[in-house]
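Take a look at this one; I'll ask things after.
As written, the chains take the letters A, B, C and D, and residue 1 is the first residue of each chain.
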Amino acid sequence: MTGPAEPRGHPTPAAQTNRLSSFGHIDWQQTLDDICTDILPHLGKGQVADYIPALASANPKAFGIAFSTIEGTTYTAGDWNTAFSIQSISKVFMLSVALAEEGEKLWRRVGREPSGSSFNSIVQLEREHGRPRNPFINAGALVVTDTVISHCGDEAGIDRLLAFLRESSGDQAIVVDEKIARSEAAYGDRNRALAYFMKSFGILREDVPITLETYFRQCAIEMSVANLSKAGLYLAAEGLCPISNRAVANDAHTNRVNAIMMLCGHYDRSGDFAYRVGLAGKSGVGGGIIAIIPGVGCVAVWSPPLNDAGNSYAGTLALEWFSHRTGVNLF
Amino acid sequence: MTGPAEPRGHPTPAAQTNRLSSFGHIDWQQTLDDICTDILPHLGKGQVADYIPALASANPKAFGIAFSTIEGTTYTAGDWNTAFSIQSISKVFMLSVALAEEGEKLWRRVGREPSGSSFNSIVQLEREHGRPRNPFINAGALVVTDTVISHCGDEAGIDRLLAFLRESSGDQAIVVDEKIARSEAAYGDRNRALAYFMKSFGILREDVPITLETYFRQCAIEMSVANLSKAGLYLAAEGLCPISNRAVANDAHTNRVNAIMMLCGHYDRSGDFAYRVGLAGKSGVGGGIIAIIPGVGCVAVWSPPLNDAGNSYAGTLALEWFSHRTGVNLF
Amino acid sequence: MTGPAEPRGHPTPAAQTNRLSSFGHIDWQQTLDDICTDILPHLGKGQVADYIPALASANPKAFGIAFSTIEGTTYTAGDWNTAFSIQSISKVFMLSVALAEEGEKLWRRVGREPSGSSFNSIVQLEREHGRPRNPFINAGALVVTDTVISHCGDEAGIDRLLAFLRESSGDQAIVVDEKIARSEAAYGDRNRALAYFMKSFGILREDVPITLETYFRQCAIEMSVANLSKAGLYLAAEGLCPISNRAVANDAHTNRVNAIMMLCGHYDRSGDFAYRVGLAGKSGVGGGIIAIIPGVGCVAVWSPPLNDAGNSYAGTLALEWFSHRTGVNLF
Amino acid sequence: MTGPAEPRGHPTPAAQTNRLSSFGHIDWQQTLDDICTDILPHLGKGQVADYIPALASANPKAFGIAFSTIEGTTYTAGDWNTAFSIQSISKVFMLSVALAEEGEKLWRRVGREPSGSSFNSIVQLEREHGRPRNPFINAGALVVTDTVISHCGDEAGIDRLLAFLRESSGDQAIVVDEKIARSEAAYGDRNRALAYFMKSFGILREDVPITLETYFRQCAIEMSVANLSKAGLYLAAEGLCPISNRAVANDAHTNRVNAIMMLCGHYDRSGDFAYRVGLAGKSGVGGGIIAIIPGVGCVAVWSPPLNDAGNSYAGTLALEWFSHRTGVNLF
C-alpha cells in the first residue's frame, strides 16, 4: 500500500522547522477575541445532535475557541473551559494509538480514502467486502478500536486512550461521561449493525460487544477546547508533545494522520472544509472541531449546532475566519 | 456553499511569504538527478494506458522530472523535454479559466467533494441528479469545459486554454496533438454517455458535441514536464505567474484549486497520494503528474505506465521521494 | 443460461389446451361494462406523463378496455377505439421479433431478471458492465431494437415491427405518430446516455443514432386498446395469431416472453402488479397496459394518468378488478 | 399499497376449479421416475452450501422428488424420504403465518418487489430506510419472523410454525435440527447486522436476539420432499389443506404468496426460474425447492449442490423438465 522503500543513502532531511516565527505578526489573542465577537450573530444556526437524548440538551448558543502553539502557549476565548463530548474527535487520537501499536499493518483492514458517503453508511462496506474506506467513518473507527483492544486487552483499550489524552493535554482529570456512554449504547443499533457486518467478513478480530462498548465510551470522553488544542499539538510537532516534552507518536505517523484528516475528517463535507479552511481537521457531533497547523500549533472550537453534514456550523465558520485572518491556510 | 462573508474590518493578512528560503539547504538539481537514478529499477512497472491506440504506443521506460521555483528557476532531469499528452492535468488549468470567467457560481453545477468512485463513474451522477462531485472526475471536467464555452464561444474554448498554458509556461509552441484528439473522439462513448446524462438533467448548457470536442482536444494537449512545472507555478504563487510576471488567476481561487487537487486529484487514490506525498497534485493517464508546493514551486513528473487507479506508478514514487527528501510535505 | 438440453425421448406434451371453456360462466361484455362504470370515480387520479410535450396533452379522463379471446372474439368498452401512444408496450412485440431473428443468443447481451430500480436507471449498467437486466427497462429495449436492426437493416427495423403489429392485430392502418417521435428525440438525452454507455461496453452493435431513432419511433406507434388486445393474442395462444391464423412466434418464446412480462413488465412495481392482478402484463407511459391470460385471451386497458412508478393508475385498478371478477388470476 | 376496495355488488367468482382433470393424460409416477434417471449425469454439479459446517456435509449425489395433488395423492422418487434442512423454504410458511396474524398491515414494514440483488444484501436497506424489498430475502424474512413473535410471544414463534407444518404435511415428527440451528447462530453475524440495521430504523419491533434465535431455528427445520410437497398444497388449493381438510390460510393470501414466490422466490435468479420453469417456487440453500401448480398440486425436489445464485442446480433442472414434460408451465 505504501511505495517501495527508499534506496539507501537518502536520509530524511532535518525535521520541519518551527514555522511559528513566520506568524510573528499575528496577535493570536486578539484574533480569538474578534472571532468570538463576530460569531455572535451565527450562534444557534444549525441543529444540535439529537440522536441520543444526552447530547440534545447541549446549549445551542455555547461557543469556545482555543489555540495552542507548538511552544506550549495556549490562547483562549469564549466557553474555552467547558467540557463537552468530543465524539468523533476521539477517532484521531485512537488512530495514533493504533498506529503506535500495529504500525502500517493497520491498513490491511481499513483504507485511507474518502468515502463519498455519510459517516454511518453501510453500502460501501458491502461493495468492498467489509473493509471500511477510512478510519474516520464509524466503521473504520470500529476497526481502529478493535485493533487497540487486540494489543491492550479487553478492558484496557479505553484506559490506553485516556492515558494518551491526559498526557498530551496535561490534564489528569479527563474522563468518560458515563451517562452519555450509556445513551450511545442504548441508541447504538446502527453501529452494532456495522460491527456485526464487518465481523461477518473477518475484518473485526475481537468480540463485537467489547469493541462496541469501548467505542461508545471513547465517543463519550469529555474535554474542553483548551484541552483539545493542547492534546492535538503532537500532530503539529511531528509527534513531540510540548506539554509532557515527550514523543507521543512517530513523526511519519503524524504526517499521515494529518493527511487522512484533510481528506476524510469532515465526512462528506471534507472537500468543503479543505476549500474554506485549508487545514487538516476533525469534527465531532458534539460540536467540536480540531484543526492542525504543522509547525505552528493546533486550534480547537466548539459550538453544538451542526450543519446538514453533521459538522459544527459556527465552528466551521470560526475556523474559516481563523485561517483567513492569520494566513495559516496550507494551500 | 461558502460561509457567510467576513464581517467588515478584517482584511486578509499580507500574502503568504515566499517560503523558498526555508529550503535553502536543499540542492534541487542533485535531488532530481538522484531520483532519476534511483527510479531506474521501477521503470516499466504498471500498465501504459491503452484505451486509445494513440496512447498505447508510449515508451514504458520514459521518465522525466522538472521542478520550477516561484522565483522562476527550473531544474530538470531525465526526459524533461519530451512532450506528452497531458490528459487530465488539463482539468486543473481549465478549472482556473472557468473560475476566472464564472466565479463561485460554478459550484452550483459541480461539487468539490471526493467521489469515492472511479474517474468515469456514472453511478454518483444518477444519485445526485446529474451534478458531478468534483471538477476532476470526467463528468465534472465536462461541466467546467461547458462553462468556458459559455463564456468564450464554441470554437474559442480550446484557444482560451492554449493561451493560458502558453503564457503561464512561456512556451508559444504548445498545441493539441490532433491524432490523439481524433482517437479520443473515436473511443469516447463513455464520455458521450456522461455528457448526455448531465444534459438530460440540465447540468450542461451548451451543445453536447461541441463540449465533447473541446474536452477531447484539451486532453490531447502536449507538454513536457519542464513546461508543466512552469505552467503550474501560479498555483504556488497565489495567482502570479513568475514567467510572464502577470496575475493569471485570483489568489483566493488558487488556494481553492489546490485544496480540490489535494482531495480529488488522483481519483480514488487521492487519499493514498496525500498520505505518501503530502502535496496537492493532479495526474493524467498520459503518465504525467504535477504537484504544488505553495510559496515554493511546482514539480512535474512523467512516466507512462500507470497503477491500477490510473496514476503514473513511477511518477507517484518519484514524488514520494521528492517530498520525503526535501521535506516539502505540507503535513 | 438455460439448462442442459432435454435427454432424448421426452417430447413436449401436446400444446396447452384451450382454457376458454373453463370461463364459460363469465359474461365478458358485462364485466367490461361494469368496470367502465365503476372506474369513473377514479379517472383523473395520478399524473399524465409530461416528459415530452406531445404526451402531456392526453385527456386525463379517457378510459378504454378491450378483451380478445384466443378464438378471435373481441369485447370492448369505453374509449376502445381511440389510438394512443403505446410507448413501452412496443417492447414486448419488438422482443418477439428479436427472438424470432436472434434466438436465445439474445440473452448474451441482455438479462431477464427484475432490476430493482426505475426504468431509466444507469446504475445497474455500470455495475454489470453495460448488460441491461431485462428487455423491458429502457436500456434493455435498446439492445433488443439494436438486434432487430442487425437482422433487418437500418431503416427496416421499424417496418418489421409495424408489419408484425399490423398482421397480429389485423389492422393495416397502424402507424408511427411522427410528431411524438420527434418529441421523443428532442427530449431523449437520457436514452442517448444509456445507448452510448452500452456502446462503450460493446453491448450495442449498430450505430447509436440509428438505434435511437428506431427506438423513439417504436415508442411513438399509435394503437387502440382493441388493436392491442388482438395484437397480444399470440402470447396467449403459444405463438399462433388467431387473426391471421398464422404462427407469428415460436411457442417456447411466448412462454418465456410472458414470464419476463410477469417479472419485469411494470418496472419497479412488477411485484405489486403480480400481487394485485396475478397476470403477466406490460405497461407504457402513454397509459396503456396489456395483460395475457394463457389459453384464454388478452386484455388491454388505457387511461393516461400514471401512478408514481409510471404505470396507468386507473388501468392497473381496472385490471385488478378484471382479474378478481373473472378469476383469471394465474395464482 | 393495494388498490381501492371493490365497489359493492361484484362478488368474487366461484373458486378456481380443480384443474387436475386437465392433466389426466399425465403419468405422474412415470414422470418422476424418468426425471430420477435422467438427472443422474447432473448430480454433483454445483457447490454444496458451506457457510456453516453442518450443511457442508450433505451428500452431493442425493436427489429426491415428490409431487402431491390437491386431492391428496403423493408420488415420489429417489431420496424422497430423507429429511434435510429446509432453510429459506421456511420463509414461505412463516409468511403465511404472519399474514394470518397481521394481515395486509404487514406490508408497511416489508415490500413485495424483487430486489435486484443477492439474498443477504444490505445496500437496498440503506437506500430504502430499513424496509426490505420482499419477505424472501433474509432481511424481509426477519421482519416476518419478528411479526409472528409479536403475535405469538417470544418462545412461541417457532412452535407456531412447527404446528403449521405438522398439520399441513400430516407429519407430527417434524422438528428443528438443533445442531444446525446452533451452527447458524455461530455463523450468523451477517444476519445479526441485517437485524440491528433494521432495528435502528424501527422496522423490527421485538428484541433482536429473540428474532434471530427464532429465525436461525426456522431455517434449521428438517423435512423430506414428500413432506414438503404435502405442506405446500394449501398454496395450490386456495388455502385449503387436503391433508387435514381444513383451511390453513386465507384464499386471497395464497394467490398473493404465490405471486411473491414467482417474483422473488429464487433471489437474483427468479427471472431465470420463471423463464425456465414457469411456476411460482421457493428454494433453500439446503438444496430443496418447492413449486406450486395452482389447482393441481405441489412439487418438491432436493439436491444439495447449488448454482452460483444459491439455488439447487439439479433441483432447478428437474423442475424445468417436470414443467416441460407435463405442460404445467403457467405461461
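Just so it is clear, a residue touches a chain if its C-beta (ideal position, glycine included) is under 8 Å from a C-beta of that chain, and two chains touch if they have at least 3 such contacts.
All values derive from a computational prediction rather than experimental measurement.
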item	value
Labels of chains that are neighbours to chain A and to chain D	none
Contact-graph separation of chain B and chain D, given in steps at minimum	2
Separation of mean Cα positions, chain B and chain A [Å, integer]	30
Distance between the centres, which are taken as Cα means, of chain C and chain B, whole angstrom	49
Centre-to-centre distance between chain C and chain A (centres being mean Cα positions), rounded to whole Å	56
Listing of all chain pairs that touch each other, if any do	A-B, A-D, B-C, C-D
Footprint of chain D on chain A - complex, ascending	121-123, 125-127, 189-190, 192-197, 199-200, 208
Complex contacts: residues of chain D adjacent to chain C	1-4, 6-7, 10, 12-17, 19, 22, 25-26, 34, 38, 42, 111-117, 124, 133-134, 254-256, 258-260, 262-264, 268-272, 274-276, 278, 280, 292, 294, 316-317, 320-321, 324-327, 329-331
